[in-house]
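One chain, chain A, links the two complexes that follow: it is found with chain B in the first and with chain C in the second.
Showing the complex of A and B:
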């Protein structure tokens, strides 16, 4: 098990150092805007704001109120595409 | 199949899959958090509900495209040729000459101190400059940019153009 977590850490580091994580982030962001996810989650935020009040809403309120649903709302196609890229990177760099 | 042949890494396919899913999960979480922060900032800065303005009010902010007027509908060269009254000497000065005149008149600003120190340097020989201060201001108004050029030219010739590194070795000399 130790070797596995070592490997994970090493690959994570490579992911960041080679800029791939940043690229993946940008790709995900673009896809999420394109498929309307961003607008959907924004609507969820509006509900939280109306519930808690415009003046009092905190970051924690938004995060707690929106993240679980937000994660479920990500379309499968987007997930698939990103997984593909991630796995390709892993295959290339797992030695 | 020997244990060493399974894969070059110590992780097999299902673990790779799990790892990839974890990475994806992190990325999605980052995206959610990022959006929450953006929304929160928009709420606190007051621009979150800006898109919900009614049509009529939106018309107030449409881009203006008339001649002589900027996109907000304001006239932009109104103040070009106005005259201002100097609070110090109570003269009427053109708007574009106002700032340099104030510099001389109030005795502040970069050029004023340069001119003053020059006068002091040359004033040791002649005392004429003191009484003619008022007139000198007028002269300096027109020669304002010229005076700056003169000083700039003087500065440049002090530096040796051939060896820009001289100043660095001078630094070590002082140590």
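Showing the complex of A and C:
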């Protein structure tokens, strides 16, 4: 593992241990619903299902088809807010 | 995580009909999934105590990582045949499945079961039930509490839906729920309140889902009549409704409102809530004698807690009481009690961004005045338990607990010894209101020296939206009540007895305002 992924793992571990990761997930979930992202992604999923047909579509089809567009649709403001929150948390709990 | 040890062997085989390999390690322990439970057992066992949650979180942080690459993310899956964690995105769990021929794995995020033979997630009702239950317990343990889960019909409901195939679709512009009310002789004071109540979202949902189970013997249950009223309003009929039964019941249960003369809409609101609350209480017979712990729908929606702090000016000891309230009555400038100036330190303007004495009076001005510390004067000394004698004191009101629907009553009708008149001062009110500055908790922060609370966008608890405005036109002797109600976001209608017309937001906000109904924006589950 290179230094970056080591750091990522360490931060992740800290977030999980303090229960902050779950809280951040909840926050993110709420923000993504509020800004309409979830509805947009739902629409994208429906498109994939229509394309492949309800009987044949697999979860992988949806993941592959929707993930890149879904990631791009996340508003910058939401990303900023989450980042701020993580930074604040790390500042508070740095060793 | 999953309490997979609750599954029996035959249920395992049922999971995927194409799976033929036997899950032999499990038969030794009588069908229980002991292998997986040993991997996740600490999590599965420790559900009860809160202090253990950090232990569990620590274990999760260290043990739930991909055995091949150490990643925690990347859609981590747990093998259901042995203790192996592998990420999905990098296909590490796929490698494991192929090499060991362990064809079932579980997604650690959502509890979905993946079958490598079918190459897709499979759905089993029992597994989903377990996953749901365990997820709920995990959330509770983490302090997240209950979360919204979608409605799923019961068998009976499915039956009813099949027998009644007719459906009504609610579109963004539909006018369902809008219906005029015939004036039966100065009954606009009742009509205006009925319009506000039938458009209170939670109340509407309660009645339209038939939640009232009547236990009153007679036919005079007002809650049943309300239920009927909602059915009438949401029936789709466009002709005005004639509320003669409602009027009769109101005369029966609130004698002081009987008769054909004009009454006060605010008085009617309080009387109606009171009768509904009393008739609802009969549903939970056991709680009938305890007014502070009623769980009827009226209390759930309308009841808040008002905190009154009396501070002794000598020893600074504080005596606190909390009283329930259904509405907040606010004094207005122009009444015989002085409105301005407000005392310093009770600052609401930062959050709601409104003006000061030189502009129009705002609702937040009235709220600031309502929650300001008030000197009780030398003629009203209170017995202080700290000083053991009568001392001068200050009294301050703040909101301890906000109701889901907050009703503000602007005291426009003055009935003092000297005069009876209507105060027509314009008070501007907002579409969205943040009650944070008026909360008891905010006052405590201010007293601890934390002035000027930063606007916390993450805390949505105290945000309210306007959904109904009752207006009075005319004089104290003869006047008329009308109501603006919000049908959809930014779509308002004016209800003038039998006549319903479209209204603009400007019409609503420019109106004088007598009763203002606000609804909490974000609701939580208990």
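Just so it is clear, the second predicted complex is superposed on the first by the 85 of 95 C-alpha atoms of A that agree within 3 Å, B and C clash if a C-alpha of one lies under 4 Å from a C-alpha of the other, contacts with A are read in each partner's own complex, and residues count from 1 in each chain.
We take it that a residue touches a chain if its C-beta (ideal position, glycine included) is under 8 Å from a C-beta of that chain, and two chains touch if they have at least 3 such contacts.
All of these numbers come straight from a predicted model, not from anything done at the bench.
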Which of chain B and chain C A:59 touches, first, second, both or neither: both
Which partner chains sit in contact with A:45 here, chain B, chain C, both or neither? Use first/second/both/neither. first
Once the structures are superposed on A, label A:19 by its partner contacts, choosing first (chain B), second (chain C), both or neither. second
Partner chain(s) touched by A:11 [first = chain B, second = chain C, both, neither]: first
If you stack the two complexes on chain A, which partner ends up touching A:74: first (chain B), second (chain C), both, or neither? first
Of the partners chain B and chain C, which touch A:3 in the superposed model: first, second, both, neither? first
Most chain A residues touched (candidates chain B, chain C): B
Which parts of chain A are in contact with chain B and also with chain C? 12, 58-59
Within the complex, which stretch of chain B touches chain A? 8-11, 15-17, 19-21, 23-25, 27-37, 39-40, 43, 48
Sort out for me which residues of chain C touch chain A in the complex. 53-54, 57-58, 60-62, 70-73, 112, 119-121, 142-144, 457-458
Report the residues of chain A in contact with chain C in the complex, numbered from low to high. 1, 9, 12-14, 16-19, 22-23, 26-27, 58-60, 81
Interfacial residue positions of chain A with respect to chain B in the complex: 3-4, 7-8, 11-12, 15, 21, 24-25, 28-29, 32, 38, 41-42, 45, 49, 54, 57-59, 62-63, 66-67, 70-71, 74, 79, 82-83, 86-87, 90-91, 94-95
